[in-house]
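Below you'll find a set of structures to go through.
Both complexes shown next keep chain A, but they swap its partner, so chain B is in the first and chain C is in the second.
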Partner chain A sequence: MDQSIASTGFGAPPARRPKHRTGRVDRLRENAGSWLFLFPAVLFFFGYQVYPIFRVIWISFTDYQFLSDKPAKWIWFDNYIDALSDPLMWSSLWRAMYFTILFLPGCIILPLMLAVLVDRVKTPRLAAFYRVILLIPAVIPSTLVFVLWKWMYNYQVGPINHLLVDTLGIFDLQTAPQWLGGTPLTLPSIAIMEVWWGLGYHAIFFLAGLAAIPKDLPEAARIDGASEWQVFWHITRPRLAPIMMILVVLRFGSAMAVIDEYLIFGGFNRATPTYTWTIYMYDEAFKTGLWRQGLGAAIGMIGAVAMMIVVLVLLRVFRPKD
Partner chain B sequence: MSMTLQATPLPAAGPAGRPRRKRSWLQQNSALVIRHAVIILFLLIILLPLVWVLLMSVKTLPDAMRGVMWPSVFDFSHYPFVFSKIKTLPANLFNSIYVTAGTVLITAFCAVLAGYSLVHLRPKGSGIVITALLMSLYFPVRVVSLISVYEIQSFLGLINSTTGLILPYITLNLAISVLIMRSMFQLVPHELFEAAKIDGAGPWRALWMVGLPMVRNGLVVIFIVNFVTAWGEFLLCTTLTNDQDARTMPVVLAAAQGGQGYWAWPNLAAVYVIVVTPGILAFTAAQKLFFKGLAEGVIKG
Partner chain C sequence: MAKRREQEHLLQQASRQQLLGGRIDRREFLTRSLVAGLGMAGIGTVAKSSLTPALAADRPLTPTFYQWIEDLHPSIPKVNAKFPGLNYQIAPVEGFGIERFVAESKKGESTWDVYAGQTPFVEMSAMIKAGVIEPWDNYIPKEVIDDIIPSIRAECTVDGKLYSWPFLLDVITMGSHSGITKKAGVADIPATWDDFLANAKKIQESKAAPFGATFDAHGWRSVAPMAHSLNSNVYTSEGLFDFTSDQAIAALELMKKIMAVSHPDILLEGASDGGVNGTPDEVAFAAERVGYQVKYQNAPLRMAHNWKDPNQLRLGPMPKFANGEGSTVFWTTGCALFKHGKNKEKAAEYIKALTYDRQIWKDSIAGTETGHPGQMPPYKSVYAEWAANKPDWMPEFVGLVRTQLDKARAINNHLFGLQQFVIGKPIWETFLKGEEPNPKVAMQKVVDAVHAEMKRAG
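Moving on, here comes the complex of A and B:
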């Protein structure tokens, strides 16, 4: 497992290069032909990912306003200074961080637990059935997950409040919790939704890792009298560490840069917990005034760079120790 | 190994002759029962919201407002109602199918060609491409590039164009799709393509006849991953289009507020079921190939 994960990095692919002596022209033509195959992917990748990033970096150093007729002026770091001296920048970064902290443990620990349980199901048909159900939320498109949970949390028809108020009677209609809509419960509610969404998907990742552990290893440990917990801690956990690292890093990235959920559940009220750096960027770039995209770009870059710093720290902390 | 096996007798097969207390099946298998019970609890948590929305779509309005889980009367009239009464619904559904099909096909096409080229043709400079693709996975490109993507689309005259959405949609999963295809093609021995070359097949023919059948499972994964992304994309669709006619179904659904009239709760739920079912059905049908592809390519990528 370590091997294969490492090999997707920068290691040499196993395929051999054909060795034959040809002229320079032939080689050039062959190279051009090979690039022809790469061309469509590279065209889209460059046009809609590489170029836009550099363009946004450029915009962030100008006073570019999309709806204004005036040409953009190069203003060096003014946008960055503006953004960083605004307390909103810091609170919006902190809100994104808070959401990530709420969300990360549940999206790693619960799927891991579930995977360990499903891995020990011996009946092949039952195991296959469990896996299919587990992956169903992962094939529900993102917006539909958000819409579904917007209804789940609804105070009028949502089943969660129906359970709490009518069935269990813990709350009455006046005290029933407001899950969404800018209350302090909003970010935890969204985090619960995200955990639900990733539960099966992440469990499938862990299951793939568990399948790669030789079965006689835990068996032998059990025969030697190791408890299930010891087997998990000393045999299973270290072997799942690479997968855990990839999940933590990738999910950290996606949790910090959440935007669709906040657009759907929140709004552009600057005091609400869903007003994170992504919404701040969107607000400045597409909502207020003449669309100050220079400032919006700077906010986006600050958020992205802050995130990348943590990602790099995580990659160092979790790097394989061999 | 064999030493430990002999040294400690298995607890279940106790030494013969010693009288053993009879235990019920439940006691003997308590671990098994608890394990399955916990798994089934998780599965219920996963399925219950979906069951709720499915039931909601066949409830009468009073039942829906009362919040009872099981409807007292099954009312299937909401499905024909939404099609006949909500004006933009057919257009939105068509938009969803059109944009998703375009995105999935073009991304798969790009990913297969690129994966093949990166592993078996390896032109000069392909290392840079792989590095750039990997780096893009760790950077919040989708969010940060939005300002520039809007500018590009407006330069191309594609604001409020449904077809125009396909272009940025392709790149949403392009990097991961190419990397999946790359690890799929790494499993195909290079000799196969060499043999095809000796038989007189050009690189295109070799890819079509030899390569494609071998990466079929990975293709299924790419189809499903891109389908899910394009079908449910929200950010670009709301930013790049203004009219409800030009938008995809999930985006319209996200903007709809439940209440009375056209967007009464059971009607909303009926639209939801119509939009969510194709994906779940397609996945369930293709799940064997999907899991194979996942095991072969994705876990490594």
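Moving on, here comes the complex of A and C:
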């Protein structure tokens, strides 16, 4: 073994070390530098990720109320029983799932189609132009996106209803669609906004995947007489599967846990479709009564566990087959 | 670096004064001196608990305002200019959230000294319960406390102590578009709900506007004031709104009748501040599509700013039931004094200057290029001054709103003061949407739901 590599601490220990214990101490000493560099990240990881998770788990087993000066009491599974026996828990979980079902196909299929089309553009300048156009929504700050779409969807003065009522005359002022604010159209409307917002961002993922596919593969298939659909289905799609899996898992998590959009578009009205488990959790933890954060934490844990179960299923469904 | 040295010096000075004043012992003084001398961020963080009070003692007066107050009242910086060194800040309270205040209070700290943006029935009970705020009684001058209009003083008082120094007054009134009412040949300000409904119907039938009337569907802006217009004695012994009272039932039935002459999206949530602002009634009124709007006076004023001719706005008292007392709901947005804040005497001095500032009131009532909130002062002396010598910029609505205030009543302060309406809204709306035919059944369900949530909250 090259001594210079071994001395950095990354290589295997020299074979002539006499005792096992001495070897371990030496290894620790040799790795000390690495641990020193890792320390800030480890500290951050434990301080900002591990500790809060365990803290929330602990709170979920107590009757902790933020506004109360009484010390928190350990109440075992009472909060979980309370939450699970509340129909609002189930309806709010279902609402989040419904939004995810609406959103997820749009955030995978549309960007994939767009990426395939953009990838076929041969002129470099035109290809760059399309990429920039695609990325514009992704760089707009969230607040602006919400303001823009709130105006677009406005029942009385929004351009969509203006088109439907005043221009096309399909509806009148009494029958025009109510896009936001608690109607059954609210979640589909928000899903459309989210798909538009993430279109370019998700397409870039697929474009990166497409760039990694050797060009001779589809060309050889075409020479052998494969149709464009067959090329896509048998060559492109399987090679984009890992990217698809990453996107599905990431976006499933973010769709189930949406809170900002729901707070902005729906508020705390418990009958609205935007009152999902995230709002329910926030409502109990920061709005209602003495702020029952024990219950809020339990609602959060239930939501997180439900999400994890689905993520495991998704990982299995989208696992690489070859 | 220079700034850090300056901070270290300030810290040393503050600690020295506290040592000489007997507020800290030598050990604490040495600890602080060591930390200040080392000036290391890490040690500073560890010693934060002992440093914060020392730094806070010497900090300038630090008020924090809800963003909308600054947006609507452009003269506030002029008052601030009279207080050199004032550390004016915007509060982290989006959607009326007070989490940050409570979290700091639990650690015995407060970044700020005074908060302008507290609405008593919304968050004052929670702030008191959590020990975030303390009463103003030890700091507010007696002549000021005596100058507050009695009903407002009652609104801001809990257990005989003034927990909110009132600033901006809003009263639920009625706004009308005189261009639309004239075209329909109906009165600008109908006196009774029967006239209001008949006029709204005429507006629609005559096609003067697509919709006759509108209201804000949030309970504290519709159910409560409409119930008050019949009789304001509508609160239970525990301080909650009595949803099953005759007044509340009458209000709910009235809302359903108004909906028949209104825009279909009237019950939908608003577009900002967790759905409570940017509501559909405001959009309809701003778009000149509705004749009458029932809401606090600053809403129609702000909306009329979007009209082709804002002078067509008329404001008047909210209509009443034929046999009703003609009351309404009012609230003030006031200032809270942080228990763990500093500069309390100075804070009182500042809030007095702010709330008596004539330019703020002129801009609010007469409007400026940037806005027209129409919010009004809480003091008897200011109205008396205007009555004795009416300014040329004074619009008529001020007298009308002031007169309403004599009959108006604030929603009771309670931990569920606002929350009861939030919980109840989707339930009473089952009657408004026709899903539940009996309003009493719907309102009983509201009571049950509010009680269930209170029971859960212990």
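In this section, the second predicted complex is superposed on the first by the 273 of 322 C-alpha atoms of A that agree within 3 Å, B and C clash if a C-alpha of one lies under 4 Å from a C-alpha of the other, contacts with A are read in each partner's own complex, and residues count from 1 in each chain.
Keep this in mind: a contact is a pair of C-beta atoms (placed from the backbone, for glycine too) under 8 Å apart; a residue touches a chain by one contact, two chains touch by 3 or more.
For clarity, every value in this text was computed on a predicted model and none was experimentally measured.
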Broader residue contact with chain A after superposition on the shared chain, chain B or chain C: B
Which superposed partner A:V313 touches (first chain B, second chain C, both, neither): neither
Which superposed partner A:G181 touches (first chain B, second chain C, both, neither): second
Which of chain B and chain C A:L67 touches, first, second, both or neither: second
Contacts of A:L173 with chain B and chain C, given as first, second, both or neither: second
Partner chain in contact with A:V157 - chain B first, chain C second, else both or neither: both
Contacts of A:G253 with chain B and chain C, given as first, second, both or neither: first
First, second, both or neither for A:T272, with chain B first and chain C second: second
Which superposed partner A:I264 touches (first chain B, second chain C, both, neither): both
First (chain B), second (chain C), both or neither touched by A:Q49: first
Overlapping contact positions on chain A, where the chain C interface meets the chain B interface: 66, 150, 154, 156-157, 263-264, 286
Residues of chain C touching chain A in the complex: 95, 97, 99, 102, 126, 129-131, 210-211, 263-265, 267-272, 274-276, 278, 280, 283-284, 287, 289, 415-416, 419, 422-423, 425-426, 429, 453-454, 456-458
Sites on chain B touched by chain A in the complex: 1, 4-5, 8, 10, 35-36, 38-39, 42-43, 45-50, 52-53, 56, 64-65, 67-69, 106, 109-111, 113-114, 116-127, 129-134, 136-152, 167-168, 170-171, 174-175, 178-179, 182-183, 185-186, 190, 194, 203, 207, 224, 228-229, 231-235, 238-239, 250-251, 253-254, 258, 265, 268-269, 272, 275-276, 279-280, 282-284, 287, 291, 294-295, 299-301
Contacting residues of chain A [partner chain C, same complex]: 63, 65-69, 82, 150, 154-157, 173-176, 178, 180-183, 263-272, 286-292, 295
Chain A residues touching chain B - in the complex, by the definition given at the top: 4-5, 7-10, 13-18, 31-35, 37-38, 40-42, 44-45, 47-53, 55-56, 59, 66, 114, 117-118, 120-121, 130-152, 154, 156-159, 162, 166, 196, 199-200, 204-205, 208-209, 211, 216, 220, 223-225, 243, 249-250, 253, 256-257, 259-260, 263-264, 278, 281-282, 285-286, 293, 296-297, 300-301, 303-304, 307-308, 311
